[in-house]
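Next come two complexes, and both contain chain A; in the first it sits with chain B, in the second with chain C.
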Partner chain A sequence: MDIKVLGPGCAKCKATADLITRVAGEAGKTVTIEKIEDMRQIVSYGVMTTPAVVVGGKVVHKGSVPSHDQVLGWLG
Partner chain B sequence: MNEVLKKDLAEAREVCPTSSQRLLKDGALLVDVREPHEVAQVGYAGCEVVNIPLSQFEDRWQEVPRDRDVILACAVGERSLKATYFLMYQGYTRVMNMKPGIARWVARGFPITGSPEAVEASAATSSCCGGASATVSPSSCCGGEPSSACC
Partner chain C sequence: MSVQTSSHPAPRPDWVWHAGLVAFVAIWWLVYRQLIPFSELITSLFPVERHSHTGEAIAFFFYDVPKVMMLLTLIVFAMGVVRSYFSPERTRALLAGKREGVGNVMAAGLGVMTPFCSCSAVPLFIGLVSAGVPLGVTFSFLIAAPMVNEVALALLFGLVGWQVAATYAAFGLVIAIIAGWVIGKLHLEGWLQDWVRDIHSGATAPDAADDAPLTLVDRYRLGIEAVREIFGRVWMWIILGIGMGALIHGYVPQDLMARIMGADAWWSVPAAVVIGIPMYTNAAGVIPIVEALLGKGAALGTVLAFMMSVIALSLPEMIILKQVLTLRLIAVFVGVVGSGILAVGYLFNFLF
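Let's turn to the complex of A and B:
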């Protein structure tokens, strides 16, 4: 599963990527996380508030570090 | 959350304050995306200017006209670049980013409201996160508490 974390490299962006990695590990899911830090690329998803998360080409979350359960839900 | 379409955005057009003066005289609109407390200290003047803070931009971007040239501006040109790309995402074609922002504007002697001494303070809050002050908006790029700001 490909997941993109959109954000300028801030602490919350890193925390979001780390959380997804950890939850995926716990759930036994294989994920590929791509960090998108370029502003133009971030806004190309229509996102102004970060961190944001893109799963399957869809923005599923923006503006904060997601919760453990949210991440679990995305991993299906 | 709504499905969001990814769009390929061209590189934003950038203009300096001096070039902006000509465009503004020819009828362009200046949109200042700094926060109200920054605008209260020192603001752009001598042209038609509206303030839509970046923290409110997602809710208010439709106030920006599509049928005229629009120059987005902030303190140094970072926040306004984000707003410029957001408008481009929304299909605007006549938008451009002023870079740098208010400090160069003041240095060139262009009209302002407020005090030029406030420029330094305004520039200090000009990063995408608004610096380390407690005024970081939940809707800024970093959201939430300043301790976790991106910069």
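Let's turn to the complex of A and C:
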């Protein structure tokens, strides 16, 4: 499963990526996490607040570190 | 900032939250009223004369730190709840296609209300401009958002008094409105970075999925989250700032600041603005120092100008904005906002 974390390298963006890695590990899912730090790419997803999370090409979350349960929901 | 690891605990009924909030505010109020006796008690435990320089500094520190922390908790929580009614997407919808003038006023107000962190400044800027919000209106938003923030207001209210807090908020908004309007009148759209102009003329960004409506308890949670996040960010600055303030309070001679930063020294206002730009503490670090300076005879206008300059014109923010604005446009931004701050500084030194 492809997950992208959008954000200019701020602390919350890193926390988001780490959280997804951890939750995926706990749930036994394999995910590839790509951190998108380039501003042009970030805005091309139409988000106005970071960190944002893109799953399967769709923005599923923006503006904060997601909760544990939200991440589990995306992993399906 | 912390990450939740637990799964859902059994949900509490709503009334528990409402009752909890009422109880918290009541306890808050009782404790707040005991702060002076508390600080005197702590000071009396130190083996120093109460009215010596050291005694004054210690009493100042142990009164102001808890006071500011308590005020900050309440104000940040309230702002967190209020802000949950706003979102960048909603702000964009409200501002898109607004004319300059009305748009600038609305944008400055929304800048205060919209949840926003400086690391989102660039996507937010682009989101606004690409949706057809005029450049000047976007600037009104971007100037008001950091300048009139809840940390600054809580600290001013707690340390200097509500009059100065209200004055600061009012003139912060006025500067944001006028500076944005002036930048709009200059028609500097051509001075954006090229790639931003392309987005501007191209397709508008798609709307991200709308979130489910929030309940009041959700909003309380957001308020608590805001308190936790802001405290994590500023508690050290507050202690450092109040520590510095305590030293100034206890040790700096009474008339020194009156001479350097008094109303008679005309050059002190521009000097305060220029010194303020490269300084990047935040409101939490600078306001306790400001309070101590005021106590030593510094003029209100000079101090206000210094504070606004530190908070609204910061180098790190300009480096972030460099991704979307050309240097020329950043220079205009600094020039226009700086002039506004100067005008406020002189006005206050003249009036008070």
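Just so we're on the same page, the second predicted complex is superposed on the first by the 76 of 76 C-alpha atoms of A that agree within 3 Å, B and C clash if a C-alpha of one lies under 4 Å from a C-alpha of the other, contacts with A are read in each partner's own complex, and residues count from 1 in each chain.
Going forward, contacts are C-beta pairs under 8 Å (C-beta built on N, C-alpha and C of every residue); 3 or more make two chains touch, one makes a residue touch a chain.
Note that the structure is predicted; figures quoted are calculated from it, not measured.
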Next item on the list: Mind working out whether A:19 is in touch with chain B, chain C, both or neither, as first, second, both or neither?
Entry: second
Notebook entry, point to check: Which partner does A:10 contact after superposing on A: first (chain B), second (chain C), both, neither?
Noted result: both
Notebook entry, point to check: In the superposed arrangement, does A:68 touch chain B (first), chain C (second), both or neither?
Noted result: second
Notebook entry, point to check: Given the touch rule stated above, what does A:57 touch, chain B (first), chain C (second), both, or neither?
Noted result: first
Margin query: With both complexes superposed on chain A, which partner does A:46 reach: first (chain B), second (chain C), both or neither?
Written below: both
Check: Same chain A residues contacting chain B and chain C, which ones?
Finding: 7-8, 10-13, 15, 39-40, 43, 45-50, 58-60, 62-63
Item checked: Residue ranges of chain B touching chain A (in the complex, touch as defined) -> 1-9, 11-12, 54, 57-58, 81-82, 85-86, 88-89, 128-129, 138-144, 148-151
Note to self: For the complex, give me every residue of chain A touching chain B.
What the structure shows: 7-13, 15, 39-40, 43-50, 57-64
Checklist line | Touching residues on chain A, where the partner in the complex is chain C | finding: 7-8, 10-13, 15, 19, 39-40, 42-43, 45-50, 52, 58-60, 62-63, 65, 67-69
Next item on the list: Please name which positions on chain C make contact with chain A in the complex.
Entry: 1, 3-8, 87-89, 92, 115-117, 119-120, 122-124, 126-128, 130, 195, 199, 205-209, 320, 323-324
